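Look at the two complexes coming up: chain A is in both, with chain B in one and chain C in the other.
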Partner chain A sequence: MRKREPRVILSFPATVDAMSMESYSAAHGVPGRLIPLPTAISAGCGMCWCAPITDREAVERAARDAGLRVSGVHEMML
Partner chain B sequence: MIQVNAIGDACPIPVVKTKNAIKELNGPGVVETAVDNEIAVQNLTKMANQKGYGVKSEKVAEGRYLVTMTVGEAASAPEEPEQETCLVTPESAAARKNVVAISSARMGIGNDDLGGVLMKGFIFALSQQDELPKTILFYNGGATIPCQESPSLEDLKSLAAQGVEILTCGTCLNYYGLTDKLAVGEVTNMYNIVEKLTQADLIVKP
Partner chain C sequence: MIYLDNAATTLHKPPQVIEAVAEAMRSSGNPARGAHGSSLQASRTVYGARAKIAALFHCPRPDHVVFTSNVTEALNTAINGLIRPGDHVITTDLEHNSVLRPLYRLAAERDVALDFVPADRRGNLDYAMFSQLMRPNTRAIVCTHASNLTGNLVDLRQVSAAARAGGALLIVDAAQTAGCLPIDMEALGIDVLCFTGHKGLMGPQGTGGLCVRAGVEIAPLKVGGTGVQSYSPTQPAEYPTRLEAGTLNAHGIAGLSAAVDYLNEIGIPAIHEKETALMRRFLRGVRDIPGVTVYGDFSGDRAAIVALNIRDYDSGEVSDALAQDYGIATRPGAHCAPRMHRALGTEQQGAVRFSFSWYNTEAETDQAIRAVRELAEE
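The block that comes next holds the complex of A and B.
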């Protein structure tokens, strides 16, 4: 059975914002990856940024520095 | 915290007992269920995820597992236990020959950047399923995905570690100059691809 880890999830109001987060993170060494928004957060469609919980501050700062709109910050086992 | 003993209980009894305990909580709290098989762990985990409960599981001894659910303020109430069914059964988890056939590095037709993001998301979501496919086939543009520097490599290695067979078309690897770059799974040929597809119980093509 796969192992679940505590993660921070940044959700965005639009798919293009999530894709911009991926581009910014690749260029600036921000930890994490783009994943589909977990259904536990929303039954809707969308992509989100997922990183280890220990990197919460770094990813929130990166989103701010990139000028991206963030619609939610969540912590969950994933 | 309420402790539930579901050792020796077959599906759906562990889920039913756990739901009854959650109802007894009558609000936020923790329910810890002891079970003796992984299928029960999967069913309880799936139920918790559907209801929005926090959940963690651990194997405490051979044939002994503890599933701990944390019910928060916002979590939805469990349904009546008599409506419960087995979400995962040994037959569904192990016996079906489900095959995922990936023929492109992009999912769908339209914007290529979006298609790449969607395919990465598809493979991640696939790795998170309780019921994994038996085989994943990669061919044509899809053959680039199980190769070095692919953003999906970690997910594919996780799937392979869980017993999923990952097969990539050798002709395609050769065509794209990637024969030496395959990083997970095995090389296959058209006869094997045809055999896997024709003998599959279900073919998923994103």
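The block that comes next holds the complex of A and C.
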């Protein structure tokens, strides 16, 4: 497996918010990418936004500025 | 073949629509069902289409654009998901069975009361009646934006004003106008706009949807897999997922997305101008032919539809003669609009509907005029 590093994870209640996060981040240079939702957050399926922990503030701000519905903000080793 | 049945579906699609569907079928995974490349590609396509549809219809939030398989499913979703037992609903004689049958079923099964704003012999509505029919328990006005039989437009500003004054929701069937006329659901005060992708929008069949004003809470028509909140026993509450159980038609939505790009490139006002110019050219050519009866009101803006009969000929026979002898595709019969036919007095004869699209030409229109003239002279 890959070496784990500290990450910030934003989870969303609907896929459309995750896709909106990706679109907004691409347009505004926000770091991160979409990944499958870790089971530690939810055993369900779905996707979330993952970025280095050092970018937490920028990622949370982007979600706010984009008007997204966010289910949770998590820090974990991934 | 000269295709003049565009109110049923547009036959000629922009080439980029066909290519977009083919490319999606070659490369798209299941949208919202994973984060690998092909699934993400499908999710991006669907998200892009939501954003384009939202912009096209002035729906403030892309996440309130819900995809369905057609406008009938969209209307069923809105009607069944908003109207409760004991509610009252106002609708019109202009409606298609996609509105009428869901409402008739609610009247039979949920004790929903219905009132109809009648159409006159030219297919027009008396707008004062919307307010007159309003009751304290009126939940919604459900009405078309344009008759699929006559092409008459409904003045949604007047209907919307009545709905607002009465505290009712406005659900609009835009089957005949989406892609053909500019629609601004915010400016028009529309709460739920239902559209199909395969007519004026020139996308693939199997696409459609509804745009929902924020704050309008529609109960799901169907529930099931969503790709999110999988351990919840209930359907997620968030739009659009709450109304999108099961795998979306991402291949078709890719085509619809390309179609919207094409429409934006040309501009819907330009499309409307060309389509209505062809319709009026046809009207001028046929309306004074002895034995021809044209239905509808042509005094103002309208959809590019002309419905007519020749003498007392069966409309099916006329349409068949047009197809077999002239290679012209039209639609005869009842057009799933029983109340409109009763209002026009054409319940027995039906009517022959000619409907025009961006891809039709003046030469085709003139051939259709000559065909009607020859059939009327027989």
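By definition in this document, the second predicted complex is superposed on the first by the 77 of 78 C-alpha atoms of A that agree within 3 Å, B and C clash if a C-alpha of one lies under 4 Å from a C-alpha of the other, contacts with A are read in each partner's own complex, and residues count from 1 in each chain.
Criterion: a contact is a pair of C-beta atoms (placed from the backbone, for glycine too) under 8 Å apart; a residue touches a chain by one contact, two chains touch by 3 or more.
These numbers were taken from a predicted model, which means no experiment stands behind them.
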| item | value |
| --- | --- |
| Which superposed partner A:17 touches (first chain B, second chain C, both, neither) | second |
| Which of chain B and chain C A:4 touches, first, second, both or neither | first |
| Partner chain(s) touched by A:69 [first = chain B, second = chain C, both, neither] | second |
| Partner chain in contact with A:47 - chain B first, chain C second, else both or neither | both |
| Contacts of A:36 with chain B and chain C, given as first, second, both or neither | both |
| Partner chain(s) touched by A:58 [first = chain B, second = chain C, both, neither] | neither |
| Common interface residues of chain A - those touching chain B in one complex and chain C in the other | 15, 18-19, 22, 34-36, 47 |
| Chain C residues touching chain A - in the complex, by the definition given at the top | 31-35, 40, 43-44, 46-47, 50-51, 62-63, 226-232, 236-241 |
| Residues on chain B engaged by chain A in the complex (per definition of touch) | 38, 41-42, 49, 52, 54-57, 113-114, 117, 120-121, 124-125, 127-128, 151, 158, 162 |
| Interfacial residue positions of chain A with respect to chain C in the complex | 12-20, 22-23, 34-36, 42-47, 69 |
| In the complex with chain B, residue positions of chain A that touch it | 1-2, 4, 15, 18-19, 22, 33-36, 39-40, 47, 76-78 |
